[in-house]
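Per-chain residue numbering starts at 1, and chain names A, B, C and D are given in the order in which the chains are listed.
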Amino acid sequence: MSSTFGTVFKVTTFGESHGKSVGAVVDGCPPGMALGEADIQPQLDRRRPGQSRLTTDRDETDRVTILSGVENGRCLGTPVAMNVPNRDQKPGDYKSMQSIPRPSHADYTYQMKYGIRASSGGGRSSARETIGRVAAGAIAEKFLRDEYGVEIVAWVNAVGRISATEIDEKMITREIVDETPVRCPSATEAEQMVDAIRAAKEAKDSLGGIVTCVCRNVPAGLGEPVFEKMEARLAQAMLSIPATKGFEIGSGFAGTRLNGSKHNDPFVRKGDRLGTLTNNSGGIQGGITNGEPIIFRVAFKPPATIGLAQHTADFNGTDTTLEAKGRHDPCVVPRAVPIVESMAALVIADMALIQKSRNK
Amino acid sequence: MSSTFGTVFKVTTFGESHGKSVGAVVDGCPPGMALGEADIQPQLDRRRPGQSRLTTDRDETDRVTILSGVENGRCLGTPVAMNVPNRDQKPGDYKSMQSIPRPSHADYTYQMKYGIRASSGGGRSSARETIGRVAAGAIAEKFLRDEYGVEIVAWVNAVGRISATEIDEKMITREIVDETPVRCPSATEAEQMVDAIRAAKEAKDSLGGIVTCVCRNVPAGLGEPVFEKMEARLAQAMLSIPATKGFEIGSGFAGTRLNGSKHNDPFVRKGDRLGTLTNNSGGIQGGITNGEPIIFRVAFKPPATIGLAQHTADFNGTDTTLEAKGRHDPCVVPRAVPIVESMAALVIADMALIQKSRNK
Amino acid sequence: MSSTFGTVFKVTTFGESHGKSVGAVVDGCPPGMALGEADIQPQLDRRRPGQSRLTTDRDETDRVTILSGVENGRCLGTPVAMNVPNRDQKPGDYKSMQSIPRPSHADYTYQMKYGIRASSGGGRSSARETIGRVAAGAIAEKFLRDEYGVEIVAWVNAVGRISATEIDEKMITREIVDETPVRCPSATEAEQMVDAIRAAKEAKDSLGGIVTCVCRNVPAGLGEPVFEKMEARLAQAMLSIPATKGFEIGSGFAGTRLNGSKHNDPFVRKGDRLGTLTNNSGGIQGGITNGEPIIFRVAFKPPATIGLAQHTADFNGTDTTLEAKGRHDPCVVPRAVPIVESMAALVIADMALIQKSRNK
Amino acid sequence: MSSTFGTVFKVTTFGESHGKSVGAVVDGCPPGMALGEADIQPQLDRRRPGQSRLTTDRDETDRVTILSGVENGRCLGTPVAMNVPNRDQKPGDYKSMQSIPRPSHADYTYQMKYGIRASSGGGRSSARETIGRVAAGAIAEKFLRDEYGVEIVAWVNAVGRISATEIDEKMITREIVDETPVRCPSATEAEQMVDAIRAAKEAKDSLGGIVTCVCRNVPAGLGEPVFEKMEARLAQAMLSIPATKGFEIGSGFAGTRLNGSKHNDPFVRKGDRLGTLTNNSGGIQGGITNGEPIIFRVAFKPPATIGLAQHTADFNGTDTTLEAKGRHDPCVVPRAVPIVESMAALVIADMALIQKSRNK
């Protein structure tokens, strides 16, 4: 269960890392909206590994085909099914790991949950599962852009111990983000991050990091109290991405150290609307957007699959040593950027459509 | 919408801060389970303000009555409706604020969303809304305790800039937590926290903080990939609590700074099951529990309502100064402890019941 | 589970027949809509037994109290909780039936499902459960009336073997329906029905019947293909009412006997919209309303609880004879009229709000 | 929206009649269950047109491919995506109908709902949409058969004015049903039905009919009061099938004419369980299965698309005459048999998995 996400803009994803294909079905897509594969492919390309030496060498072309829901370049309002064939199936690479659950990977828990698991790769816990999300997110994003001018931009804010220092959240664009292979728009640290990732790769180790995301021009009034507050749905969306360990909105954990008098965002007139002088709220108050940019950060752990030998136990509890042989990302954070953007788009699009039910 | 949470163990809450009553309906409660008001009241009492000088002086007795679903002390398997009357309705206290949206409160966003809002207090964004959650959570917790021996214990880990230093997550109990008024089981810092809260109160200011929660004896195999991973649902649950700004599972944001070789949790035999030597995963791998304790942290911002005068704008955008006159918590974190526990229980109970659908 | 109904206009009901109270929580109620208990009570009164000699003698006043979601006579857009105390609890009447499952009642199946059941009355399968639906339906109906001028009118079309002959679906109103105690607006048959019900009562037997319902002024475009077609949701709603055995939309079962050339509804201009000359479709084509009146019929079986002695078996399978001693309706169909109307309103309101998500 | 059905056993279908493909994603499929395309294809073949002169001549091979969720012939517990390419796309056949909404078809209502519609065929209202249901239903059915020995058999009980007279619901099998091209296991009437359908075809007209379905060996205790009673979900499922106009469970509309003393099903010991002597309840009491066979009937209208000229109006309201030129079924009822079975399986499988959440 639970491969479905959303209430009105509803996404169902499918596919294992080494099965025939992965994909998604988007139900609730606004009828009449212009849509084609060309609207979806760019984000899939940004998600794809093999774009630089920083990521895994697998060449996954990841071509999306729209199977339904679109005719003559327009959405019919019916489910848009999208399919992306898996081209690079090498289950052999994983054979040696079948009796040993990879530490901090999902082998053990899938086995405990289902009593069976994909014989190779991570099955549904693999990074390939996110292809369906990104394809669906591209549609959500197109709707938000066309209808409200929403701009969603994520970037790498930290890799391991290196944090970006100079980023202007108001001006940042995807073009700027993509200027460095590590997708960090702070030049000095970007270079350091690249070096750190290379070093980790050579050391057969891996690195975590932090992705920050800003969503501009989101209209005020979106988000559903009580349990589907905008930040609650964003938190769910982000923590549903593989390898994530944390979520912060606005001031986040650092904000807990401020006094209320410093933390509060005073209101101020901004053109014909009310805005706030500061944005510790991260664009959300009481679970509802206030028209200011939504800003949040997502923590990604270092990838669990590393080349270094690891002392661990096999499924029987016997001590053993595991050496992974597949091709693995030393740092998923740069590739996570479009995934974070996609999940944000899915949440906001759903909330936007739900809010319409209150319009006269 | 969205006052309903859960798929099989399903909770619907209702009630404004100054209406007739608040409460919840729990559907999916296991039939035959022993249940009475005495199982629910203790957590409501822990949530209640007025228990110490640290919290607001309002005396809200918050007596719960079970309206349905229980007969002769046993759950019928039908909806358990619970009602808690509001006794202390003083809408007059809030009159002056009607034309001025309180900074970082939900007045403005509720108005933008609904075009109307409760004339006093926070309506559904008030802390009183959490009564329904706590009542429902007590039922979820009883099920988890009876069926699996699950223990859920939360505590205050930080208030403002003061962080607890000596806490044993394996041994901590609610009794230990409740020994200090600030619910921080680290004696030195507890005292400092108490002082800090008193100082903030005198300064008409407020303080944020961090709550940590551990869930022990949760069976392996719970959590639904893809979008309802255990940590994703926990994140949603926690970020749905008023005033929260962040969520971390296991190693969290700090874990992003570790290498994979350090971060991975090696497997090791633990009695008749497989366990892990470390627990950076926070008890969850690939969205599914692994049998180790679930550990997570929740960031709470300093309460928005403070006595200090604030420069802000009214609904028309005109500059003004706001001085709140009601009685307000200078720091909600100690009272948030049972709320965090309750939301955790709601998530885990739902995941446990869903997983049963896979049993033979 | 499953005491919740609807996606955007969402209702959760609670309460056993002989517990403390019954009621409902309505989430998704349009903010700003005028609402008070006076909008809800009339339909509850129409549902109430004891209004005439035709129904059970129990005097259940069924006073509704709104607990939340409404302030100063306006909906806040937050959950509207409604409570109706049970005043007439006489579980003693049912004691003798505990070891013998009543034939065609839910005693046996509840026991099989839950392993426990309410010690008296029908628990959640009792007619009192419908109070929550009627209260919620009154709100849905008010929204539909205020926003679109929707008129929902149901009536008794058959009691046992007696069928109404002269009813004008275009002109019928609730006032006309309520002119006879049996709620059949066809004078000759109404009298025969009254006689038949009296005779059944004297014979300690019971009678079934058919309720027809028309919904006028429902806008075109409502209903969600594929699985939530308007007629599919209406069918679910109606078959969820206790004692129902069938549902027909438009031409229904009789329509299966017509040729397509006779059955098709030709289009014709009606003012500024397209209408149909005939209405075999019952106002719905392809699951979506076409602007013509929605017309459907619901079959109600004769009540299972009768005074006549019945040969049956007890829970152990031993042959026995059962004589019910409580007070029972010989024919529930007249009281079912507002329940059918309420469920129709719940479905249409939900579909109307969902459709708004497609508006520009 | 609403192309998703079910709570734990969840199906999402996609595809227009003349797009690239149709299909379904099944989430919640029991892990470890043996499954392959060979388990799914037979019901798709039974659904396929072109099998006899009675149905449309279109040759749609309808080969299903499993894209995910199955490895080495076993379900992984992850989403099973299934794809069926559309091979016979002749949108040209429908060109002439674009300005004229076909009477009693969904052209007009889709246009009103979405402001756009598939330029040819019925889009999502086409019979091809049911392919996804049948593929998903075959999986549900396999689970029910493997786990409980459930047998689901539907047949044609009436075509136009001809009704079957001699059918033994206890013994009937799919093999018996398939012995006649009209799928009516009552020899005399089967022949008459065949003649009637041929006559209708020659007359360029169409015929409706009734499908009856029996589900044997369904365990007691399935079905969720209040709104998801077994019969309520079955009613929704059946009325969601294109061209359906009615649903009856057990005694149905005819049962409304009986007295309670005749209608009630007395209990009787049946081996080690309690059964009923009669089965007017249709295997369900209070929304919960009682272990007796579930029996229900579904009314299908005569297909809307006929070759006969029809007086109607175009989208502008101008009087016109429509003559359909495509290839059309004169009677869909025989092909509806596997669709009815599939929808029944989807409902029962979902209810069975939900009920497991109550097991110890």
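We adopt the following convention: a contact is a pair of C-beta atoms (placed from the backbone, for glycine too) under 8 Å apart; a residue touches a chain by one contact, two chains touch by 3 or more.
From a predicted model like this one, the values you see are computed outputs, not experimental measurements.
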Listing by label each chain that touches chain B and chain C gives A, D
Of all chains, the one whose CA centroid lies most distant from that of chain B is D
Quick one: chain B and chain D, Cα centre-to-centre, how many Å? 46
I'd like the Å distance between the centres of chain C and chain D, where a centre is the mean of that chain's Cα atoms. 26
Cα centroid separation between chain A and chain D, in whole Å? 39
Interface hub residues of chain D, defined as touching at least two other chains: 1-4, 7-8, 13, 28, 31, 77-78, 113-115, 124, 225, 354, 358
Which residues of chain D touch chain A in the complex? 1-4, 8, 10, 12-16, 19-23, 25, 27-28, 31-32, 65-69, 71-72, 74-81, 83, 113-119, 123-124
Chain B-facing residues of chain D, complex: 7-8, 28, 30-31, 77-78, 225, 353-354, 356-359
Chain C residues touching chain D in their complex are 1-5, 7, 13, 101, 103-106, 108-110, 112-115, 122, 124-125, 129, 158, 160-161, 200, 203, 205-210, 220-229, 231-240, 242, 244-253, 255-261, 263-269, 274, 276, 280-282, 284-291, 299-306, 308, 310-315, 317-319, 354-355, 358
